[in-house]
Every structure is written in C-alpha cells, then in structure tokens.
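In what comes next, chain A is part of two complexes: it sits with chain B in the first one and with chain C in the second one.
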Partner chain A sequence: MTYDWSVIWQYRAAFADGTAMTFLLAVLTMAIAVPGGIVLALLRLSRSSAIAGASTALVEFFRNLPLILLVYWAFYVMPMVIEIELSPFATGLTALALNVTAYNSETFRAGINSIRRGQTEAALALGMSRAQAMRVVVFPQAWRRVLPVLASTWVSLFKDTSLVSVIAVGELAHVAMEIRSQTFRVLEVLTAMGALYWLLGYPQAKLADWIHRKFGVTE
Partner chain B sequence: MDFDFSPIIENWRYLLGGLGVTLALSAVTVLASLLLGTGIGIARVFGPAWLRLPLILYIDSMRAVPVLVVLVWTFFAVPILLSGLSLPPFWAAVVALTVHIAAYVAEIVRAGIESIRPGQVRAGLALGMSRAEVVRKIILPQAVVRMLPAFGSIVSITIKDTAIATVIAVPEYMKRSETLAGQSYHPIEVFTFAMIVYFLILFPVTRLIDVAYRRVAHLGRS
Partner chain C sequence: MTALATDPRRPGIARPAVLVYRDVRKLYGAFVALNGVSMAVHKGEVVCLIGPSGSGKSTLLRCTNALETINGGEILFDGAALPADETAARHVRRRMGMVFQNFELFPHKTALENVAIGPLTVLRARPADAAAKAQALLDKVGLASKAASYPANLSGGQQQRVAIARALAMEPEVMLFDEPTSALDPETIGEVLSVMKILAEEGMTMVVVTHEMTFARRVADWVVVFEEGAIIEQGPPEQIFEAPRVERTRSFLSHLGWAG
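Now for the complex of A and B:
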C-alpha cells in the first residue's frame, strides 16, 4: 500500500475553510446559547409554576435527544413546519443552539442554586428587589462556578459541530468527507481530518482543565 | 398540514429491529467501556510511571477528537492501514465508541479515586495494610459509590452516541429512521417519532440513575 500525502497540501485551502467554518459555528452557537441558557434558567426559577414547568420540559427534552437526530429533524422538519427555507448553515446552527442552550441552562441553574439561599434572603431583607439581589449578590459569585462548566461545554460543542456535516454544512468534517470522495485517498484525508481536530481540540481541552483547576470550588 | 403516520405503523418491525440494534450496541459499548476505562483509570493512578504518560496522552486525545471522527476513521481508514482487517459496521461502531467512551470512564475513575482523602490511605498503611489492600478495602468501596452518577451519564451519553453510528451505516434506529424517511417521503412523522422514541428511552434512564444514586449516596460519604 502506498500513501500519497500530497492531496492534503493540495486541498489545504479547503481544509482551512472547513476549520474556519467549524470555529464560526462553535462561536455563534455559544453566542446564542449563553444568553438563551441564562433566560431558560431564570424562567425555571420563576415563581409561576407554569413558566417553570415549561422551561423544565424544554430543557429535559433537548438534553435527552441525540444531537444528530436533532440535526436531521431541524433539516427535514423545521422548514415544513415553520415554512421558512433556512440554509444548511442556519439549520445546523439552530440544532446546535437548541442542544447547547439546554445544557447551559442546567449549568446556570446549578450555579445560581449553589449560592446559599440565606444570601438572597439577606439581600431582600436589606430592601433590595429580587432582580437587584440576583444582579448584585448572586451573579458575581455564581459566575466563578459556572465558568469551568461552560469551558467543558465549549470543548464538547467544538467537537459536536462535526455532526452538522450530515446536512452538508461546509465545516471541517464535511470538507474532509468531500475531499475523500473526490480523491479516493481515504486514509490520508481521514487521518488529516483527525489530526486537525486533535491539534485544535487538544489545547482547548487542556485550557478547560486549567480553568477547572483555577476556578474550581472545593467545598 | 396533514400528518400520515401509516409508514411508521406499517414498518413497525423494521423500526423495532433498529431499536434492538441501538440497545444492543449501547449495552455492549457500555460494558466494554466500563471494563476498559476502569482498567485504564486504575492504571493511570496506581500504575508504573512509564505507563502514565501514554495513558494521559490517550485520554486527552479522545477528549479532543469528535466521536464522529473516531467512528469514520475506524470504519474507513483502519482496513486500509491493516489491509485485510475490515470489521462489519456494528463491530466497528463497538470498537470506535468503546475507545472513545473508555477515556471518559477512565477520567471518572481517576476523579473518584482522588476524591478519597489521602489521610485515609496513610491511616490504612499505618495499620499495616499493603497498598493493594488499601486500594481494595478503603479507596474503591467509597470511590465506586461516588462514581455512580457519572457512570449513569455515561450510559445516557452512550445511547446518544450510538445514533452517530448511522454515518457508518450501522442499521440502528437512527439509520433506519433515515431510510424510512427517504423511502416513504414522510420525514416529519418519521423523525418526530424518532425524537419521541429516543426521549422515552433516555429520560427514564437519567431519572432511574438519579433515584438509584440517592439510595446509595450515603455509602460514599466519609
């Protein structure tokens, strides 16, 4: 068996585009999923049980689904139900955002709940409104506990963007599959794809570990 | 809009077979990952120093690479690399998912072991126990209980990850839903039904694990 690694260099522009697309997807997903997660978490802590219940149901539903199914569902079903034709990119972004928003909401809820109730009660006793108590007392302490989990979620998200390749979004995995079927250099192209993901993902995983060590709260 | 669920009803055997493959793939993968991952986790903490670096490299690499890449590489590239050795899709998926998930299990095992206060090890050694005895009698009984909730999420992660095996044409539930959606021209019904099926499997699993953990949690306190 002879290997021909020159195809990798030959298609370097495509690999670079795919990598950029992967980053773009991950960044945009997080940009949606962080505010989305905060909103869902606050709704879940709402005093109205209908609102809290709806938010809980939404979060539990999207956390208990394989992401790849969500991607297919968004691709085939969403355009027919809401009658808007979205590009594969927007469709993939929607599926990723729904998934990560659900996870982030749990992260924020746990972060907020980790601050003792007594602190909120003390703030209310001092005459603060509930919103003020959240903003001034709870959030500044909660974010330290939330940040390490968000870092882990980011690392997972970066890898999960590969799943939107099944609906032909031109990110790294899809680009590699395309080059593979054009050149038939299966081993070389797939190995290059794995190596690229490794090179990009490894430092991020290590950075997440470092954030855990630096910010991790040990009781 | 009109919904027509007849393709699902007419092909219930086909879908049920897919569900069987999903569950079998999940069960085999969970068992294999727990065995392999526990071995690696224990070897990483208590094993010889020369073994530690390769194990850390393996664990961190698996945390860095998407499971899709591992699946595709195992199925398409390994047969070229080791010419002749080609696995059927199901077993390629078992191997790829196990190699990936075992790394996470190893991290859980390590965290569980390291969560036991070092004073307990010293106390055990001071009582004249050997290191192996300390591990077996003091560390593991407490650590295993602390690992349980994380092992529970491994089960639900594995079931979700088996759906990705559709990309190497394992005839599990996701793959069969795709086929049926394509042939019947009813993707809305088929994929929505698939969502309900996966949710109905995964939600009780996560709930049961929570309940089971609450029952044994007191055994892990120290």
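Now for the complex of A and C:
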C-alpha cells in the first residue's frame, strides 16, 4: 500500500473553504439558537399553560429527533410542506438551528430554574416588576450557570455540522468526500479531515473546560 | 379571648394603624395556613409574632407584602386593602421592607450594589445618589468597610445586616422581618438583633417573626402568639412572657426553655 499525501496539499484551498464553511454554519446556528433558546425557555416558563405547552411540545419534538433525520426532513419535506425552496446551506442551517435551539431552550430553562425562588421574591419585595427581577437578579446569575453548558453544546455542534454534508452543503466533511471521490485517496483524505476536526475541536473543548472552571458556580 | 386593638395597655394605640388584619384566611390546597387572623400594627410599634414552626407567622408576613394572596378576610395597609393585581401590589411592596430568613442577598452584586439596587431599579435614582445612600446605610448597620465585598465573603450576620440596609434603602413605612436570625450562627445573632433594636428605637414600625424570646421580651411593644394558623393570645410582652392567659402559650414558651 502506498500513500500519496500530496493530494491534501493539492486541495488545500478546498479544505480551507470547507473549514470556513463549517465555522460559518456553527456560528450562524448558535447566533439563531441562543436567542431562540431564550425565547422558547421564557415561553415555557410562561404562566399561560397554552403558551408553555406549545413551547414544551416544540422543544421536545426537535430535541428528540436524530439530527440527520432533521437534515433530510428540512431538505425533502419542508419544501413540500411550506413550499419554500431554500438553498442547501439555508436548509442545513435550518435543521441545525431547530435542533440546537431546542437544546439551548432546555439549558436556559434549567439555568433560570436553578436560581432560588427566594431571589425573585427578594427582588419583588423591593418593588421590582417580574421583568425587572428577571433582568436584574435572575438572568445575570443564570447566565453563569448556562455559559459552561452552551460551551459544551458548541463543541458538539462544531462536529455535528458535518451531518449537513449529506445534502451537499460545502462544509469540511462534504469537501473531503468530494476530494475522496475525485482522487480515490480514501485513507489520506479521511485522515486529513479527521486531523482538521480534531485540531480545531481540541482547543475549543479545552476552552469549554476553562469556562466550566471559571464560571462553574460554587454555592 | 384575645386582646383587641382597643387594649389600653398598648402604647401605640393612640397612633394610626399601619396594618390591619381582619379575619385573614390563607389556604395551600386543603391545608389551612391562616384560619381567621385579626390583629393590628400601629405606627412606630414593634410587633413580634411568636409560636411553633408552621403556625402561620411567616405566611402572614408573606401575605402582608402580597408575595402570597389571601383567600379570605382582608389586610389593610395605610387604610387601603391590599390590591390583588401585580402592578398595584408593586406599589405597596415599595413602601414595605422585607428581611428574609436566608438573607437572599444577590450573590452577583457587592454589598453596596445590593443596597443600591432597589433605588436604582425601582425608584430610578441617580447612580451617584443611590451609591451615597447605600454607603450611609452600610455605615448605619456597621458594615461601611464591607461595601466592596460580595455576599459569599461575608458572614451570615453581616449578610443579614446588608439585607436590612437593602430594605431600608427604599425608605419603607414598615419593616417585615421573617425569622431574621434563624439561619445564623449563635455568635452572629446579637449583631443583627442590635441593628433591629436601633431601628425600633428610631421609631420604625416593625413586624418581626422570631424565635428570639429575649428580643421579643425586651423590644416588642406587642406580642402575638400563633398556633395552627390562628392567634391564641396577644398582649404586651409582660403579659405574654410573665403571665400568659392561655395555657398553650405557657407550654410553648416552656418548650423553648423560657423560664418566665
């Protein structure tokens, strides 16, 4: 068996583009899923049981479906159901955002719920409105507990973006598969792809660990 | 029978009533937490609520500033019934200070920020004014040097004194204390009680749920004894602690080791 690692260097521009696309997907997904998660969490904590129920249903639906199914569903079924033709990129982003928003919603809900009720009561006793109590007292404390979990979600998301390669979004995994089919250098290409994911992912995981240590709440 | 608001032994009787409770009932599901409570708190009085755990004292305080809604009867604050809706309740809460058993300081804010937060958010005070007032109040509770400390770095007694300052920053017309020393180490109880005693001497109207019988005996103008959601006896501290008229008051006090 002979190896030809030159293909990796030869396709370096494509690898770079794929890597950039992977980052872009992960960043955009989080940019949607953080505010989306906050909104769903607040709706779920609403005193109206209809609103809370609808939000819960949405979260539980998208949280408990395999991401790959969501990707296929967004690609094949969504255009039929809502009659909107999206680019593969937008389709992939939609699937990722739905999944991660549902996860983040649970993260935010748990974070908010982890703040003792007495904290809200102390804020109300000063004459604050419920909104003020949330903004001034609950959110800043919940944020410290949520941030480490969001960091872990990010680390998973960065790798999970590879699932949208099945609908031909030109991120790192898809680019690698393309190069493989053109060059037939399976081992080299997969190794390079693995190395790239690992080298990019490892520092992120370390950063997440650091955030856990820095923001982990001791009470 | 319980002594009512016309009791001539009550020094605050000539002054207007800040809080009036008429046949107040509170249910938690099938559990009757308050079963027809009637009493009054006059301006400048220190009223101590005593009685076994679960007898409804804390519930009454929580109903007083509308953290809980009542199921029957009425609570009058400054002559007006407590409002049911949240916005109106907020205006009432601004005029009452509440001190909690577990302090409930905001852990992400310094002592100074904790004290300033009420005027800043609720009264929209200027930051410099709120900070100056907060510093003065920390000075008053003997914690001027701890302004920059976070609650986690303060002892329980210090935290509770900051919590008192936080409530005072809103310039309340009445202070509600919900077992303010129950979560404290014995050595820090005294510093909190002495701050409360100073407030009482300054003429602050205070309702204090407490198990500190010595404090109630020395500082209270009026003592109300609760049992199973009802008042079993109320009167001046000399009556309650020296010559209780109800046998169950006597047995409650003797359980606490109160020799009389």
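In this text, the second predicted complex is superposed on the first by the 217 of 219 C-alpha atoms of A that agree within 3 Å, B and C clash if a C-alpha of one lies under 4 Å from a C-alpha of the other, contacts with A are read in each partner's own complex, and residues count from 1 in each chain.
Note that in this section contacts are C-beta pairs under 8 Å (C-beta built on N, C-alpha and C of every residue); 3 or more make two chains touch, one makes a residue touch a chain.
Worth saying up front: this structure is predicted, and the values here are computed from it rather than measured.
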Touched partner set for A:A205, first chain B, second chain C, both or neither: first
Which superposed partner A:E121 touches (first chain B, second chain C, both, neither): second
Touched partner set for A:Q141, first chain B, second chain C, both or neither: second
Partner chain in contact with A:Q10 - chain B first, chain C second, else both or neither: neither
Greater residue coverage of chain A in the superposed arrangement, chain B or chain C: B
Which of chain B and chain C A:R130 touches, first, second, both or neither: second
Touching partner for A:S162 - first (chain B), second (chain C), both, neither: first
Chain B and chain C footprints on chain A, overlapping residues: none
Of chain A, residues touching chain C in the complex: 116, 118-119, 121-130, 132, 136-137, 140-141, 144, 219
Complex contacts: residues of chain B adjacent to chain A: 1, 60-61, 63-70, 72-73, 76-77, 80-81, 83, 156, 159-164, 166-167, 174, 177-178, 181, 187-188, 191-192, 194-195, 198-199, 202-203, 206
Residues of chain A touching chain B in the complex: 1, 60-61, 64-70, 72-73, 76-77, 80-81, 155, 159-160, 162-163, 165-166, 173, 177, 180, 186-187, 190-191, 193-194, 197-198, 200-202, 204-206
Parts of chain C lying in touch with chain A, wherever the complex brings them together: 65, 67, 86-87, 90-91, 93-94, 96-98, 100, 102, 104-108, 117-118, 121-122, 163, 166-167, 170
